[in-house]
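A, B, C and D are the chain letters, set down in written order, and residue numbers restart from 1 in every chain.
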């Protein structure tokens, strides 16, 4: 995927306010993810909340095949106009990878239409992400499950629409389960929600987690030749009588 | 279903402005639908755009098991606060039946997360709604397909998320197809999009169309005993160490 | 559901050969399930492997709305002709509830088209069945999850087609997860696979497990008025030229 | 996809018995499909019913990434042992493209678990295959719909399990609709059912149809790095008490 262009977005708040987080992610969570993707051959840029228009101008999005999104403490500070712009690009074909606490981001909730609420607990507990669909490209390279020693727990009932494909299903030490890898199509765009990744645990330094994010980016990238279509008022394809004049339009 | 309470909502604009429509629906589209449901034993009320809060106050929605929605010319006049209130009720379990041109209603677009755009044509052409899943309760009583002599055409690409179950699939005289009966779950609520029904054709007087709307209302009605669940910060179910103090919350 | 007729099928081998099992299920697993359903108002019969035609004659199936199936040690002893007969009835609308180790039954594998293989372990470990879709009728009456103190473990990768709706998702003490409540449609029939239930643990005496089985039976029962349809060579609905004579039939 | 190896299977009966068919497909339907795929860069072989083991020996299947299947008059002549062998390879990851009248092939019916029955009519009528999911790779390169001047009609109710993704939806001149492009996962394998293609019409010479078959082959090809997993008796991942000795195994 030498020509897939990825923009890695991060709210970049915890890293600047908290030493524990800064130590784990000295270049920000965006830096860690961007590096992991660049190493795997993607053409990678970053953008953060603090930049003008959060770094997500029309120009940037026009040049983006797949956007990854991490947010947690500052969902409300994301400008509604930027959210609408991102949404339009997704519906127009841009891939979107929604990471961890971004389940509560404006953009994900807008695209899902639900609350995206869930159970959670911070206890540095063990998580296992079991592969449910081994033939899915997002699961490539994984053997049975990914094991994380320290994870925040997310538990069901996760209020999202049923995914098109459930790729990963998580087990937590404290007793819960979670649909942790979910694919969706919205408009012309492909979306992947991927659960792992907390600011106080070094999850994005994990090789297997990086592999899945890279797989997801590759899967979500739009094709240059994808199907086209028209919408709106349409002439008939068959020779039919169109003289009905009862319209109130 | 003697105790299922249905609120039939209609923007009620065409009927008051256009003689053709008024002739077909002298009591409004809401009147026709409400009568059809009342005849089949449902406890039925109506509400329209022109009423205070569009007739959809918190009290009304609290007493509503299933809301049916018809709109076309005045989607933008529906107050955003009312849309949010309806959405909350749907996510909380209220059934929602979205009819015809309400594909472009604020409430449907909010719940779907997509543009809900499609092809359309007014040519009083023939439509056949073929049953795709005969075992689905919404298709009860239908033999092979429903045939409508005069229908507005809606054609694919219909920009909605993939339905949980595709119940009906439409054929149009002019050459198009359309997924015309689609079920969704959003939050605790069940949603059915049903395509037929135009202001200038007497579609809601058709017995089979009425039957499907009634089937859908019955299917979408929430159970008094439906599963409950908690969300938010959760105590572990297993005896695990919860002493991690790295949280930045 | 006073008039839903259920046939509870059991291979009835362990109970006759093993004292531990006989003590837990003195009337057989079929007896326990049939009693639980009868108490909830279903019209219930039982059938076992040892009966002529395994108790599943054409007459019995004709009078059955929903069949529940438990097997483990003797899948291969089930006659292929009986399996075909059951399959035909399912495709013709009879509900089928597939329980626990019946994941490897001939009838389930025939209807799924896959190996239905999984991971397993007998360690009397704790299982929690978390509700994934609270609005689904099969989850009625459950609060968050069902907890079983002693269960056989079943783990992913469970080789089944993606379910229409994932209703329950299981957590196991030893570290695995499992899609433990899965709905399918096949032909005109509704199928529910429900994981719990092992011969050496008293799972079918659990009130919540009984409730789910009863919910599933109610959900799977065919409607008397379900949609009908024709198949095979079809006359055109439109006036088209049918004079093409190139057929090689 | 220079290294994707495709085996194009054809029963090759009509072409040898009927002049009309032989004229349209002088090299057999398999020849036409294989040529179209070879032109697009695939490493292509053919196999037919008349060859020993129908040309589908263990060695051939071991060297096959994706198998395409066309059959019509001789489904019953396909040896059950070969069908089982093909099924095992599909469940083990080999892609399968099921074409037109192969809806009634043993292999498709085995993998679907249903009758796969449908309506049909030979009247050389017009078909339009509308794109339902423009972001799906199988739809690449198509604009709105594919139009075929002469097609056999297939109509709903098509008795198959709900597809994972409905990619194409067909309109027929005589009044019917049909889910004409359906994806499935079974085991580790990806399956695509594609409706077009009749022995008496030159459908497989159509560029757009060829494009879709090629897209489907590319989509269905297994990855060398796809996820792996174990099944069967499993050691616990957590430190739990495994001393339960009630097993009857």
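Observations on the model:
Note that a residue touches a chain if its C-beta (ideal position, glycine included) is under 8 Å from a C-beta of that chain, and two chains touch if they have at least 3 such contacts.
Source: prediction; values computed, not measured.
Of all residue numbers used at the contact between chain B and chain C, over half are used by both chains, marking a mostly same-residue interface. Contact tally for C-D versus B-D: the pair with more C-beta pairs in contact is C-D.
Between chain B and chain D, the centres computed from C-alpha atoms are 36 Å apart. Averaged C-alpha coordinates put the centre of chain B at 32 Å from the centre of chain C. Rounded to a whole number, the gap between the C-alpha centres of chain C and chain D is 29 angstrom.
Residue positions of chain D with contacts to 2 or more other chains are 128, 131, 133-134, 144, 155-157, 162, 164-165, 173, 175-176, 185, 187, 229-230, 237-238. In terms of which chains touch, the assembly is arranged so that all chains touch all other chains. Taken together, the chain C residues at the contact with chain D in this complex read 14, 17-18, 20-21, 73, 91, 110-115, 117-125, 150, 153, 155-157, 159, 161-162, 164, 173-176, 184-187, 199-201, 229-238, 240-244, 246-249. Contact residues on chain B toward chain C in their complex (touch as defined above): 93, 126, 128, 131, 133-137, 139-144, 147, 164-165, 173, 185, 187-190, 222-223, 225-230, 237-238. Partner chain D is touched in their complex by these residues of chain B: 128, 130-134, 144, 155-157, 162, 165-166, 169-172, 175-177, 179.
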